[in-house]
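Read from first to last, the chains carry the letters A, B and C; within each, the first residue is number 1.
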Amino acid sequence: MVDLLGDYTIRMVTIGSAIVGGLCGALGSFAYVRRQSLVGDVVGHAALPGVALAYLISQSKDLAVLMLGAGLTGLLALAVSILAVRYCKMDQGTAFASVLSTSFGVGVLLLSLIQQTHAADQAGLDRFLFGQAATLVEPQIITMAGVGTGALALMLIFFRPLVTLSFDPSYSRSTGLPVVGLESILLVALVSSVVVGISVAGVVLVAALLAAPAAAAHRWCTRFSTLVAVSAAFGALSGATGGFLSSTWANVPTGPLIILILTGLVIVSLLWGRRRTEPREVPS
Amino acid sequence: MGLQKLVLITALTFGLLLVGCVSQPSADSIPDKPGQLKVVTTTGMLGDLVERVGGDRISVKSLMGPGVDPHLYQAKSSDLLALDQADLIVFHGIGLEGRMARIFTQQKDKAFEAAALDPSLLLKADNTTEPDPHIWFDLDLWGKVAERVTQELSRRDPAGKSTFEANLRSYQADLEKAKSEVTEILRTIPPKQRVLVTAHDAFQYFGRAYGFEIRAIQGTNTASEAGASQIRTLADILTERKIQAIFVETSVSSTTIGALQQATEARGWQVKIGGSLFSDAMGDQGSESGSVIGMNLSNAKTIAEALR
Amino acid sequence: MTSSGWVVVIILLTCVTCSLVGCFLVLRRSAMTADAVSHSVLPGIVFAFWISGGLNLFSAFLGAVGAGALTVGLTKWLTRFKLKREDAALGIVFPALFSVGVIWVSVAYRQVHLDTDAILLGEVLLAPFEQLQIGTTSLGPVSVWLLGPLLVLATGYLKLFQKELILESLDPSFAKVSAPAASQIGSGLTLLLCLAVVASFTAVGVVLAIALLIVPTAVGRLWTDSLRLLIWLSVGIACLAGGLGLFLAFGLNLSVSGRKGKSSLSPPMYWRSILRATGTTRRNAG
């Protein structure tokens, strides 16, 4: 085991996946109690126009630049869908699906423009969306860890008001909390974790990285702060296990393996978990 | 009720109007000279071949222009017109074009599968019955493809038979010459270094023709994903045998190759990235690598430079 | 008919079918199901390949529909009995199925050209060339033969069970009491949805199909509260956007539905026009 961890690829893949799993698990619990578990899917698709724009403007395929672009359009898409829910009497799923397909369409339009003008140089832009945990290298992990620490720090600094906001928006408004500011902070943290997640698991699987750990953790605890911790632990554990196992089994891709391990955790939790009640801010 | 009818009527009129507009073929998308056979090819490689064999007697249009990867091809509305107007559609076949090929095989009177050679000549992809389509890296086989295309052109345009056959002979002579040139260029590489490591599995024919061992991180199937274990295996091989260089491809992302380089470095062996090879698409038209012969020579030079 | 003419027919058929079925999807608040199905069809296609032992559009189609139905079924079961949250259930089910598909392909069919594209990356400009053949006679594009009967089926089904479907979407518990067959009729709609979704994937590609399912109704919903009107409006909006997009695409010689990536596919020009429509309506409504 120690010997295997000495191997560069195994170490990178395991560490990288654990970071991403933990981060998405922690912030996913906020999405879970707000019934917005599918934000991962929306931000993932909305990242495509961002990646294309970032490349068009900067002319580089630097990971940090692409991540920034992806994050900005992801944030925009999420904001638009939340506003649509609030002001256009649209239900959340409809808003999410509309924004998702629209922004992805714009992304493909931009990509085909890029393909016509920058022939060979653009290869692999769309690869950003598929995520290949197996190809993680040290500089990438440092970038990811940086973004992740930022998002976690935001969450921890504003933990109490964010929890109040997520459980009781009308109460928060009446007590004079800066609701719009807090909501923006939460969205920024969520979007950053999704963008980091994409580079490991890809657009499709990042949805599960957000949704599954919290759903599993919910069965083992009632108090919300515990839920966040357990969910982060589940995420990190599946990330590390998936990363490690895929490095030793031939031909098994890393991202999907992590998701299957997470799914296994959810099944076990649903069958044998203790709690059957809704999560609460504090135990009653 | 009034609005409903209005919507229905508007939609219907709009639809009918559209059928009317677009049904009339507008701009001619294939260069049209009287008496010429209009040929549409799928890949740029086939376009190059048909142009060499057909000469002045045909006009050629390739759907996938230079630099376009068959996997990333997007149909444009002018392509639709071209397919409608073509006298002959030459497509690669044996799995290269994916879904498009199935469309062509249905149009037997118009479409021609160029690479459907004797199966015993073709390599099988990884213990399966599916043939590996990247045959433009074996110039002998490519000459056989040219033969098939010549026969088909002669059938369509019997008056041009002698021209086509003369063109074929000169093309095959060029291919022959190019093959010995490539062999000559690669001769400087010592046998121990004859391992070609790339991101995706496109060079099996190259390996067979010039005696190279071919290793790729990803398979040909685009739905499969690279696993960390492949990267480790390859890094071990590179370190053990002290291979000098690995290669990126012009039409494939370089991240997987970058990760392999890092992994090898961590094992204490400095492998360099030897340059980029043309795999599924040729270089820009008019440039040196803008033809099948050119891309083979260019690849050989890149490989020889890096593995020497 | 020229192939350009067939393109128009296929686009209009897809627009009408999608917006019609999409209306009820949005009404049931499960719009995201369309996106989920687009990803989870992968294992279905691999399964079909494994069973039939080769490339076969028909079995791949059935496999995809099966996987779609499985997604919806599992999500419903999880939501009702275990998680009590549709969003989380969906977010667990479809990535899990997709993962199974990717691992299966990577382990067993690494080098085989599986042709998942045939289902997921429909290309409407090429659809006219894929003809249904019996013996040696061509009977017109496969897509028309798929979408046409489906449209008839959908219209008939929705018309016949309109009352139960609306009731079941808006108030499931009341529906259970007043119309015992309502939940079976709802399941029928689910199957219809999967058929329509997969058929439109093969004809026009994933992203355009999702867009045509959801956006016309979402836009129409901003204009009216009456269901009858909503259905007409969304069909009209879909046709208008489709027609406009096609017109621009032919005018500017762009691709109508891009062929990109694993599950990504889209119709740039449609998108522009639908965006514009959405923008104006939102302004009017807000």
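Criterion: a contact is a pair of C-beta atoms (placed from the backbone, for glycine too) under 8 Å apart; a residue touches a chain by one contact, two chains touch by 3 or more.
Everything numeric in this text was worked out from a predicted model, so none of it was measured.
S.K.: If you tally the C-beta contacts for B-C and for A-B, which one comes out higher?
M.R.: B-C
S.K.: Kindly work out which chain lies most centrally, taking the average of its C-alpha atoms as its position.
M.R.: Minimum centroid-to-centroid distance belongs to C.
S.K.: Please tell me the distance, in whole Å, between the geometric centres of chain A and chain C computed from their C-alpha atoms.
M.R.: That pair's centroid distance is 26 Å.
S.K.: Indicate the whole-number Å distance between the mean C-alpha point of chain B and the mean C-alpha point of chain C.
M.R.: Roughly 33 Å, centre to centre.
S.K.: From the mean C-alpha coordinate of chain A to that of chain B, what's the distance rounded to whole Å?
M.R.: 37
S.K.: Where does chain B touch two or more other chains at once, residue-wise?
M.R.: Touching at least two other chains: 72, 74, 224-225, 227.
S.K.: Could you pull out the residues of chain C that touch at least 2 other chains?
M.R.: Where chain C meets two or more other chains at a single residue, that happens at 102, 106, 110, 254-255, 258, 260, 262.
S.K.: If a residue has to touch 2 or more other chains to count, which residues of chain A qualify?
M.R.: 112, 130, 251-253, 255-256
S.K.: Which residues, counting only chain C, touch chain A once they are in their complex?
M.R.: Against chain A, chain C makes touches at 26, 29-35, 39, 82-88, 90-92, 94-96, 98-100, 102-103, 106-107, 110, 207-208, 210-211, 213-215, 217-218, 221-222, 254-255, 258, 260-272, 274-275, 278, 282, 285-286.
S.K.: Which of the residues in chain A end up touching chain C in this complex?
M.R.: Answer in residue numbers: 32, 35-38, 40-41, 45, 48, 84, 87-98, 100-102, 104-109, 111-112, 126, 129-130, 204-205, 207-208, 210-212, 214-215, 251-253, 255-257, 259-260, 263, 266, 270, 278.
S.K.: For the complex, give me every residue of chain B touching chain A.
M.R.: On the chain B side, the touching residues are 66-69, 72, 74, 224-233, 235, 249-256, 258-259, 262-263, 265-267, 284.
S.K.: Any idea which chain B residues touch chain C in the complex?
M.R.: 3-4, 7-8, 10-11, 14-15, 18-19, 21-23, 25, 72-81, 83-84, 95, 98-100, 102-104, 106-107, 125-126, 128, 130, 201, 219-225, 227
S.K.: What residues of chain C sit close enough to touch chain B in their complex?
M.R.: Within the complex, chain C contacts chain B at residues 1-5, 7-9, 12, 42, 57, 101-102, 105-106, 109-118, 121, 123, 125-126, 128-131, 133, 138, 228-229, 232-233, 235-236, 239-240, 243, 246-247, 249-250, 253-256, 258-260, 262.
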